[in-house]
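Every chain is named by a letter (A, B, C and D) in the order it is written, and numbering of its residues begins at 1.
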Amino acid sequence: MLEKSLTSIIKLKVRFHECDPLNIVWHGNYLKYFEEGREAFGREHGISYLDARAKGYATPIVKSVCEHKLPLTYSDTFEVYTHFENTEAAKMIFNYKIFKSGELVATGQTIQVFLDENRELALNNPQFFLDWKKKMKLI
Amino acid sequence: MLEKSLTSIIKLKVRFHECDPLNIVWHGNYLKYFEEGREAFGREHGISYLDARAKGYATPIVKSVCEHKLPLTYSDTFEVYTHFENTEAAKMIFNYKIFKSGELVATGQTIQVFLDENRELALNNPQFFLDWKKKMKLI
Amino acid sequence: MLEKSLTSIIKLKVRFHECDPLNIVWHGNYLKYFEEGREAFGREHGISYLDARAKGYATPIVKSVCEHKLPLTYSDTFEVYTHFENTEAAKMIFNYKIFKSGELVATGQTIQVFLDENRELALNNPQFFLDWKKKMKLI
Amino acid sequence: MLEKSLTSIIKLKVRFHECDPLNIVWHGNYLKYFEEGREAFGREHGISYLDARAKGYATPIVKSVCEHKLPLTYSDTFEVYTHFENTEAAKMIFNYKIFKSGELVATGQTIQVFLDENRELALNNPQFFLDWKKKMKLI
């Protein structure tokens, strides 16, 4: 299945300092979990922050969304599924799902753009990204 | 103008530890700015986390969105506009706008629900919230 | 060797959001690494935050120290050595060493006290802690 | 009094996301408060991170210490006193005191060194720092 090649899964554990006075993970920390998922995806599939950087591009986040279904509490173990969503636009879109014991805890999305060495927005997909897509059989 | 009574404005300064290797504020930190804006709104208008808590309710975030138009860099001063969006549902919706020198830097939204003392979701608006809405001439 | 039974080692990777504009891990984040080391020690040796909590005690940090020898940069892999230091006082002392490729990156220490259910400072070692020390052949 | 010219005071408010499940500020967040104090000192006295940077120097922290006397809880207002400690060594030493309603909450210290543009440790005080000391009547 093609899908599978575009997903990365990591297992994490809630740390004490990530929890708030409600004894649950503070909502903003999910963006850190998404980032860990995205980084794992990048390392696994050869499209990491450092790969982009080596080609002269920064890939800042321009949009992030997180929806919470269930809380995570201290010492919970959970899985972050990071899935690459293919699009023709000069963007990187990742969708996330967090599961705890098989139950859906949260979903999310991040959208990144490409900035060249002058910090100008790339309107077209950079060559290295097109090459990667070809390798992944996405174009 | 009614609008104005539902908006709160705070002025913040980017701190060193909020910036990432791109020398801009790490995207997840905007949720901290939104929280500061929401807390300022709550204190200003009498609908804070502690007000809800005193009535036996927790108000966890179930959704957050952030869109970035321009970066914030170290030592930038900026303003967070927090605006309460009225809805009939048993939810608190806040919309955020961040400006730097008059330019729009980011927009965002958070949605909160009410959990009672048994951590059960309140399907109807809690009385204290209805009272507050009346006071604010929203119902 | 007794020493070994009092040390716990974890392997971590520097995450993007932990790095600052100098492109190194922001110094305050080392306290998070120490916490991860301490938590791993607690789980491994049966003296975790949750174990203390189950016995009615909170164990807040009253002192922390961190000294930096070398920087950690994005995507570095490193090891946190957490070592329990035995003392007669009603305190938990942990010493930390962080290594990257065999080189010492940082050292640190945290000191925790015991607060009972009324948040009063325990002047003597709680029974559960003495029991644990006995089990560990420390007294 | 000379002392006074070497101290900077800021007023802060505990934010929700800074508190942990014990409902107190997580100990590592005090290093953020110290940083805010240090930055305020730098802006007030012309010796900020950006001033050093403009002269070609980075000033990483090589040691930090924090001792806690009393907890800070959500929505507490407190003051951070940042005091510059003069030393002949090529270092910047700051001492911190945090007060809440006149009571001492925490004390701390940070030590910074100077790295030149090649990230080499400066063994002697950089000229811009000596100039600043003269201006402050410290040498």
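The criterion applied here is as follows: a residue touches a chain if its C-beta (ideal position, glycine included) is under 8 Å from a C-beta of that chain, and two chains touch if they have at least 3 such contacts.
Since we're looking at a predicted model, the values are computed, not measured.
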Which chain pair is joined by more contacting C-beta pairs, C-D or B-C?
-> C-D
Give the label of the chain whose average Cα location is farthest from that of chain A.
-> D
Separation of mean Cα positions, chain D and chain B [Å, integer] = 30
Interchain centroid distance [CA atoms averaged], chain B/chain C, Å | 35
Length of the line joining the C-alpha centres of chain C and chain D, rounded to whole Å = 24
Numbers and ranges of chain D residues touching at least 2 other chains | 16-17, 28, 32, 35, 74
Give every residue of chain B touching chain A within the complex, in rising order.
-> 22, 24, 27-29, 31-32, 35, 58, 60-68, 71
Chain D-touching residues of chain B, taken from the complex the two chains share | 15-17, 32, 35-36, 39, 49-50, 74-75
Residues of chain C that touch chain B when the two form their complex | 16-17, 19-21, 23, 26, 28, 74
